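Shared between the two complexes below is chain A, which pairs with chain B and chain C, respectively.
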Partner chain A sequence: MYRQKHLFLLPGLLVLVAIIIFPLLFTIRVSFSSWDVFQPGLDWIGGENYGRLLEDARYWGALGRLLVMAVGTVLIQYVLGFALALLVWGDLRARRFFRVLFLVPMMTTPVVMSVIWRTVFHESIGPLNGILQAVGLHGLPWLSEPTLAFISVMMVEIWQWTPFMFLLLLAGLVSLPREPYLAAKIDGAGPIRTFFAVTFPAMAGISIAAILIRLIEASKIMESVYVMTSGGPGTATETSSYYIYIRGLRDFQLGYASSLSVTYLVIMIISLTIIAKVLVRFFVKDRT
Partner chain B sequence: MKTLYLAIKYLAILVWSCFVVFPFLWALTTSFKTANGVTGGATWIPWLQYEPSMHGWKTLFGGAGGTDITGPYLNSIIVTGSASLISIVLGTLAAYGLSRFTFKAGFVRNGDITFFFISQRIMPPIVLAIPFFLLLRQLGLLDTLAGLVLVYIALLLPIAVWVMVDFFNNVPRQLDEMAWLDGCTPMTTFYRVILPNSVPGLIVAGMFCLIFGWNDFFFAFTLTFTNTQLLPVAIVALNSSVTPWWSLSASALISVAPLILLAFVVERFLSRGGLAGAVR
Partner chain C sequence: MRKQTLFRSLQVATATSALALAAGMASAEDYTRFGIEEDVPGMCSYESIDAKDYSGRELTIITHAIPVIGEPTKLHAEQFAELTGAEVEVVHVPFGDLFQRIMIPFQTGQDAYDVLFYASLWVGDFNPYLATVPEEYQNASGMQGLTDTTRDVGMWGGEMKQYIMDGDRHYLKFREDIFSDPEMQARFEEETGRELTVPETWEEYNEVARVFTGWDWDGDGEANYGSAEVVKRDDLMFSAFISRAAPYAKHPEVEGGFFFDLETMEPLINNPGWVRGLELFVDAQEAFPPGGTNFGLGDEIFSFGGGETLMSYSWDDALIQAQQEDSPIRNDVNTAMLPGAREVWNRETGEWDTFEEPNRAAYITWGWTSAVSEASQNKDMAFDYLCFFANEANTKHDLQIGRFGVNPYRADHFDAEFWAGELGWDPDMAAQYVETLQSIDGYDNRVFDLRVPGVGQFMTSLAAGVAEAVAGQSTPQEALDGVAEEWTQIVERIGPDRVREAYANVVELEDAR
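And now, the complex of A and B:
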């Protein structure tokens, strides 16, 4: 009877292993070769690529930028998403309308919306500067000044993905039991007290999950960068994925780009594991 | 105090709603502009501020001086649809197996296998892009729909498994046991008893697959050239220094329209508490 159990698991498992594990092993192998336009094919140069990436300031700069961008956007998304979820959780006119509206951005194709945002940020004929000038302020060089370009990309990421936080946190809020709230009311706790004593601790698990999922996705940021700034001005908005893309699929230095990929993946796995541990500690300590 | 709180609440909702709607309204009004209307600055109101024209919309469907996006649209539907379907079938089977039977291979247990599936989401696309490129070139599948479907399965299968394992864990085991007592094999149990009871889970899983498939740009971009363009690639191709803002906006709007309708479905599940299980 249980003989059939493999029929369930194996097709999916084998397909995934075939599509992902072999390419991954291949990447690791390529990272020890000098595969590029002049030398297309596998050879063995040992750890030369890895030595080179240690001294590649542009790579580490991109990684630092990614860290700031990912952690920054995810934290803002969490706070905003939680606030929005709380707002449409309680009594509200047209509650369902706002719930749908707030979900909409995450349904839209990020790269397509980035194209629209690029026109929004346009310096001379974009609507954002149009509004600024209409209220008597100066227009800003949204995509051509390093710090502003960085903020613009973050803004688009926040617009796109706050709804995801909102969705997970609202799903959590909706499924909370009612009894603790009655108890809090009887004890005469105000809304702020109730939030920190009842809601926030009860949402610890889902908060950790939501932040982690978003951090994982945010660590891949590159499409909005590609469309809006192409990593510029200079390298001001270049993230790791985008830099590897330039090295690998534009300069066609496959060997070197593979070593960058492998390093990037290892760093991501290690740092996400550490962040997961820290998050658990932070939220569980708050439980008291 | 109460009124102040209410005022802040509605103000916050209003501000965020404007932020959400802003790019859509801008795209909508831009899609009716001509070159003159665009260079005239950030205008919003047709007739009053600029002369509206259907030019941007017409070029999308083969009109002069634009890109016909019906081909890419169809390609996107085919690739997203078939990859989602295959992922749901394989993912549902695997998820049922993981939820009902014990698998052991050395130190690997069910939990580890489930984690393996889900952990694929950690993989940055760029890490896989280079080997995928070389692999598909070797197989002669570069720049074809079949090649993209293959790659998208890798993208979507983990999502299907993730949602469905969770869903099946909440379907009572007594259901299976009763079917076994009636003489069903595991396959027929799954097919006749479990599957008909899993429609909500299948809808959620299918929805996530469609969202992630339809919205992917990176693989469609790196693994195709000109023969097989998917919708996002076709739209980004319009994005250059001399961007035709009108057709760009129009194409962006009809590309995101189908999934915006999905927001209503999501909200339905949300209100019924049907998503709580899926996200824990």
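And now, the complex of A and C:
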């Protein structure tokens, strides 16, 4: 009976092995080979690829940019998402309409939206510079100046994914109990104090989950970079995912790209674990 | 006896007449329903292909996304299927995925595709997996009409591995109406102290571009600019840079390699000639339209083709765009060979040599091409398809549709009357266009793409270095030193002998004249 019980786990385990464990193990194996455009197949070169990536300044630069971009966009998304959720949670007219409206960016295809945003940022024919000029300002080199290009990519990410934050936080707000608010009202607390003393601490769990989910997603920023800037100007917007894509699928250095991916995965697991602990400590401390 | 003879004669005459009639009827088959004006007889004609029966067989083709090359691939595949009864599947792939979609089946020994359409510079990687074009197809009338240069693009190690169906080269495009306008000429002379002429060197190009930047020289109420170039990283920018650097680094009397020294396989990419080219590329930015440093090929096409910029250089597309029937600048444009250099780096002497007549370097860059997989079980049908794709009637049709991406590659395409007659181009402009193409094709000092294993890695590295210099993240010398270092590492990884063996094919073509 005990053995038969475990047989029921088999289909799930087989699926897990097929779609997660095998590709992961295969990638690790490829990372120890020199599989390249001129060297097909799985030979064994030990840690040569890992040694090479330690000296790859472009990889580490891309990782640094990704860190800034991911943390920056997620924090802004959190603040905006929370603000919008509070707005819709409150007694707002036509709030159902706004709830749907705020979700539209998230429901659009990232590549398509990146193409549209590239047009918006286009310095000659794009509407953004047109608006700036119409109000007497100069147009800006949105995609051809390194810092502005970096900010432009961040803006698109924030626009696209703030709704996700909004959705999760709104779900959290809706599920909050009413009693603490009644008590706060009786105690004479105003809206700001109520927010910091009641709402924000009560939302700690959902906030940590939302931030972590978005950080995991944001660490894979690719479509907007690919479409809007191709990693340029220079390497100003090149992120880890885009760099791995270039090495793996453009240059066809499959062995080396696998080592970049495995390293990236390890760094992400460690970083996100640390970030999760820091967030828990921050919110829990805030609660106490 | 006489009656018998007469009777037999009548029988023979009748039979002959019947055969002649049948033959006449066959040749009179109307193939214009396929959108061509007239079938051109030959082994790849509609009539010849119609006579083949591939019923019950399947042909799989991988090609670029629609429209560029993808659309004619699909069109001719449908026609081929209708004529032969074959079942033809066409797989369209975006450019960024095309290389790996072809390479992975090659490396894993799969017979995934019979026919392949791809960028000709990948031959250094693909050649071990490609079938040689059979002799009978090389003798087909269409193939016999190839120019020497386009034929060279199809060759690898003395064998024809690529079935030529396109011809590409970089050349200069400019606004003839502005260059010939006395008012513009006077303004230019006033600002620079010299006559306004079509640029003969890249220094002149930058100067003309700078003067015609930031003001409305075409009177449409919008500011215009001097130059549109492909500068976006990983968007064929490496071709634009090579066009600019080639006349400074490709000395007509120095043989043995342009990208590498063939003997030592030491990269030449950071020598003073290349650095000079990059310095001028960086300087050119001041004459770009807003956002010009992020221009991909599509932006360049629409900037020049839409009348925003005075000059541009790349493939035919921007010219074809400018010459569309609804274009406001139709027949106001013209062409010339790429600008050259009066000072050329001589890597043998380690000095700059001065030239009275600017040194030019005809850059035979890229070009779509096609091939049949060595692993294909349908080579006969695959070569028939390519032969049909590139037959004279189809090519004449495809050349007239800009979005198809098929550009002149046979001697008979260099006929001004075709462009003036069929497409309504101004006769003088058409004559100049044809002369430009012929000059490039016949030019002695030629540069080909780096067709070696791992070409993608070399070009990605070059594009990244150039992009850094353009963005001001490093100086041109620093950027190209970095590229040279990376190229050395790539050569070491692939194996110097292996790269040398492949690169010798390129050098042989460049030094042949």
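Quick note on the criterion: the second predicted complex is superposed on the first by the 276 of 288 C-alpha atoms of A that agree within 3 Å, B and C clash if a C-alpha of one lies under 4 Å from a C-alpha of the other, contacts with A are read in each partner's own complex, and residues count from 1 in each chain.
We take it that a residue touches a chain if its C-beta (ideal position, glycine included) is under 8 Å from a C-beta of that chain, and two chains touch if they have at least 3 such contacts.
Keep in mind the model is a prediction, meaning the values are calculated, not measured.
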item	value
Touched partner set for A:37, first chain B, second chain C, both or neither	second
Contacts of A:61 with chain B and chain C, given as first, second, both or neither	neither
First (chain B), second (chain C), both or neither touched by A:249	both
Touch count on chain A, higher of chain B and chain C	B
Contacts of A:129 with chain B and chain C, given as first, second, both or neither	both
Partner chain(s) touched by A:109 [first = chain B, second = chain C, both, neither]	first
Touching partner for A:144 - first (chain B), second (chain C), both, neither	second
Which of chain B and chain C A:231 touches, first, second, both or neither	second
Doubly contacted chain A residues - partners chain C and chain B	124, 126, 129, 249
Parts of chain C lying in touch with chain A, wherever the complex brings them together	96-97, 99-100, 103, 106-108, 125, 232-235, 289-294, 296, 303, 308, 453-454, 456-457, 460, 464, 467-468, 470-473, 493-495, 498
Chain A residues touching chain B - in the complex, by the definition given at the top	1-2, 4-9, 11-13, 15-16, 19-20, 22-24, 26-27, 30, 80, 83-84, 87-88, 92, 96, 98-113, 115-120, 124-131, 159, 167-168, 170-172, 174-175, 205-206, 209-210, 213, 216-217, 219-220, 222-223, 227, 240-241, 244-245, 248-249, 254, 257-258, 261-262, 264-265, 268-269, 272
Parts of chain A lying in touch with chain C, wherever the complex brings them together	34, 36-38, 40-41, 58, 122-124, 126, 129, 139, 141-144, 146, 149, 229-236, 246, 249-253
Contacting residues of chain B [partner chain A, same complex]	9, 12-13, 16-17, 19-23, 26-27, 30, 38-44, 90-91, 93-94, 96-98, 100-101, 103, 113, 116-117, 120-135, 150-151, 153-154, 157-158, 161, 180, 185-187, 190, 211, 214-215, 217-218, 222, 231-232, 235-236, 238-239, 243, 245, 248-249, 252, 255-256, 259-260, 262-264, 266-267, 270-271, 273, 275-276, 278-280
